[in-house]
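Residue numbering begins at 1 within each chain, and the chains themselves are lettered A, B, C and D in the order written.
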Amino acid sequence: MAAILSVSGSPSPTSRTTRLLRHLDDRLRRQGHEVTPLEVRSLPPEALLGAHFGHPSIVAATELFARAEGVVIGTPVYKAAYSGLLKSLLDVLPQYALAGKTVLPLATGGSTAHVLAIDYALRPVLSSMGAAHIVPGWFTLDRDISADGTGSVLPPAAAEALEQVTDQFSAALGGRTGSLAAAG
Amino acid sequence: MAAILSVSGSPSPTSRTTRLLRHLDDRLRRQGHEVTPLEVRSLPPEALLGAHFGHPSIVAATELFARAEGVVIGTPVYKAAYSGLLKSLLDVLPQYALAGKTVLPLATGGSTAHVLAIDYALRPVLSSMGAAHIVPGWFTLDRDISADGTGSVLPPAAAEALEQVTDQFSAALGGRTGSLAAAG
Amino acid sequence: MAAILSVSGSPSPTSRTTRLLRHLDDRLRRQGHEVTPLEVRSLPPEALLGAHFGHPSIVAATELFARAEGVVIGTPVYKAAYSGLLKSLLDVLPQYALAGKTVLPLATGGSTAHVLAIDYALRPVLSSMGAAHIVPGWFTLDRDISADGTGSVLPPAAAEALEQVTDQFSAALGGRTGSLAAAG
Amino acid sequence: MAAILSVSGSPSPTSRTTRLLRHLDDRLRRQGHEVTPLEVRSLPPEALLGAHFGHPSIVAATELFARAEGVVIGTPVYKAAYSGLLKSLLDVLPQYALAGKTVLPLATGGSTAHVLAIDYALRPVLSSMGAAHIVPGWFTLDRDISADGTGSVLPPAAAEALEQVTDQFSAALGGRTGSLAAAG
């Protein structure tokens, strides 16, 4: 129903954050949404850090945001906040790149001591970019995310919590979630 | 007296933030400190964003932090927080790279509406890195910083405020500030 | 259409924050909502600060929150954050007193330097209380709010900005805003 | 050596936060400091919430802050931040009541998920009040603090961590900590 951009801000090529997002993307697709994944690490570093707003890859990323109705923002927690990689993308987007959009903030980290980074660090930045609706986010412990591609991505309790958060996001976008809730 | 690392997190080659820091460096040198300037933008972007901890330039930057007793951290405010460029450097440093150090946080921006970004966004990150003493910071309006190299860098009132903040930092480092305060 | 609780966290009997909220209440009523004003300062201080959850006035306030679909939270900015008076009410409410609700955060202050207190201080608290949707908030300068009861409450530009924020809140609650937008 | 004000912001008459602070006060006294305990809950609620700056108990509290060189600020974490009780005291103090002072922020809570409340919520408020040096703070789990007066207040690991934080505070105040570190 809705066009969703699903952004991973992890610098790692074998990122648990990214694996979590791709798992969530599947659920959103089953609910009828069109999901476009974006790994910030696939964009050219010199364009991100040099503030090259006119670079084709930055222009393309900006258009992905412009077209999206919903945006998932996932980041590892480093030094009590979002990754510098994620922020370097947000910095080259227009000030109000999230205007009118529904946003789902997600974070991963090694300890529950980092949980508040979503609400105290990430949300104020997303809010400054004009987001119309930032739905309640979710923090997942690194050790709860399976590292390889085998088996389930999350243990049952963490999976259920993430499904609930995903469905609130989907509902805020006007998606159908009820009949598929059991299918997750 | 003290070894100071003065870090600019601005991506711009003609940065007002950087110009402000270099002005402040001069004052610190006149107070007897040894100041090493570091522009994060001079480090290789792919090493910063790819989390290449072993890259020679990252190793060298890490050593600059390790050797410093005092660290000045300057950043433009983008999207209600520090720059992604600055955070990408902090992310590749050890978790406690600021342990035992005295830190002076500075920010620049287009509007006083961004003032609180120092205390709500930048300070918690510096605190998570083990800083022993983060002295009161300062926010300078872009329009108060002269763009070219001619004349004075700041108007009198802004210059005086910055001098006071610099001298508090110097005093916290054990520097002599009194007799030179009039020389700024 | 919706039941709205409009909460002022100002300790002052002649509060500009409260005056601003009552002005906003009028607009919400004209849009068809049922609005209940609540001044935290009218609750017994010893019940608020002594955490007397069973005190009749605290039980009554808790019920007002439970019945509301939308909640306006207005506070002066003191010491870079919301008032202690407002927080003392939030502290005696159930942890998830805002679950499922749409919330509009508003702040007033003497300088635009306090603007970010809404997103960095107030929003994380409201988010921890389970708010389903915290719409973009608004900061109004004290000097823009008329002190007495005569004339208009706000100058035209500030009035228009507040109307837009109010209408976004109303729309998020499912209210009709379009045809009445011109009537504000 | 130094005059220290030790402030508990807990509303509970049997507070673990307060018990933790009184334990810490003992250590500071053994290091030669003069410590004055202050429980915000002992001040008249109507003076705190009504902003009665001239009330004798508020004037007395303001003088306690004015005379102190060091201030310990302890609070339970409620709703992802400091208590409303603590903030209501800070609100009635002068804007720069912490100017020139060394401050130790402490928090207690039921889960490590609240740890960041010290740096993201409490520190910015203390910073806005002009604190010269806010030393690294500490978060203690409720369940680590013994509820009754028998036995030790903290288990060994938590006691050691708190001692280290206390000694950093003492050292920042110019106190002698070395020879007594083993006595705690």
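The working rule: a residue touches a chain if its C-beta (ideal position, glycine included) is under 8 Å from a C-beta of that chain, and two chains touch if they have at least 3 such contacts.
This is a predicted model, so every value here is computed, not measured.
**Q** If every chain is reduced to the average of its C-alpha atoms, which one ends up farthest from chain A?
**A** Between chain A and the rest, the longest centre separation is with D.
**Q** A-B versus B-C: which has more C-beta pairs touching?
**A** It is A-B, judged by the count of C-beta pairs in contact.
**Q** Per the centroid of Cα atoms for each chain, what is the distance between chain B and chain D, given in Å?
**A** Distance between chain centres, rounded to whole Å: 30 Å.
**Q** Using the average of all C-alpha atoms in each chain as its centre, how far is it in Å between chain B and chain C?
**A** So the centroids are 38 Å from each other.
**Q** Provide the C-alpha centroid distance between chain A and chain B, rounded to the nearest whole angstrom.
**A** Going by mean C-alpha positions, chain A sits 31 Å from chain B.
**Q** Can you list the chain B residues in contact with two or more other chains?
**A** Residues 80, 116, 119-121, 124, 127-128 of chain B each touch two or more of the other chains.
**Q** So with touch defined the way it is at the top, what topology do the chains form here? Options are line, ring, star, complete, other.
**A** Graph shape here is complete: every pair of chains touches.
**Q** Which chain A residues qualify as touching chain C in the complex?
**A** 116, 119-120, 123-124, 127-128, 130-136, 168, 172
**Q** Help me check something: in the complex, which residues belonging to chain C touch chain B?
**A** 80, 111-117, 119-121
**Q** Could you pull out which chain D residues touch chain C in their complex?
**A** Contacts found on chain D: 11-12, 41, 45-46, 48-51, 78-91, 95, 120-121, 124-125, 127-129.
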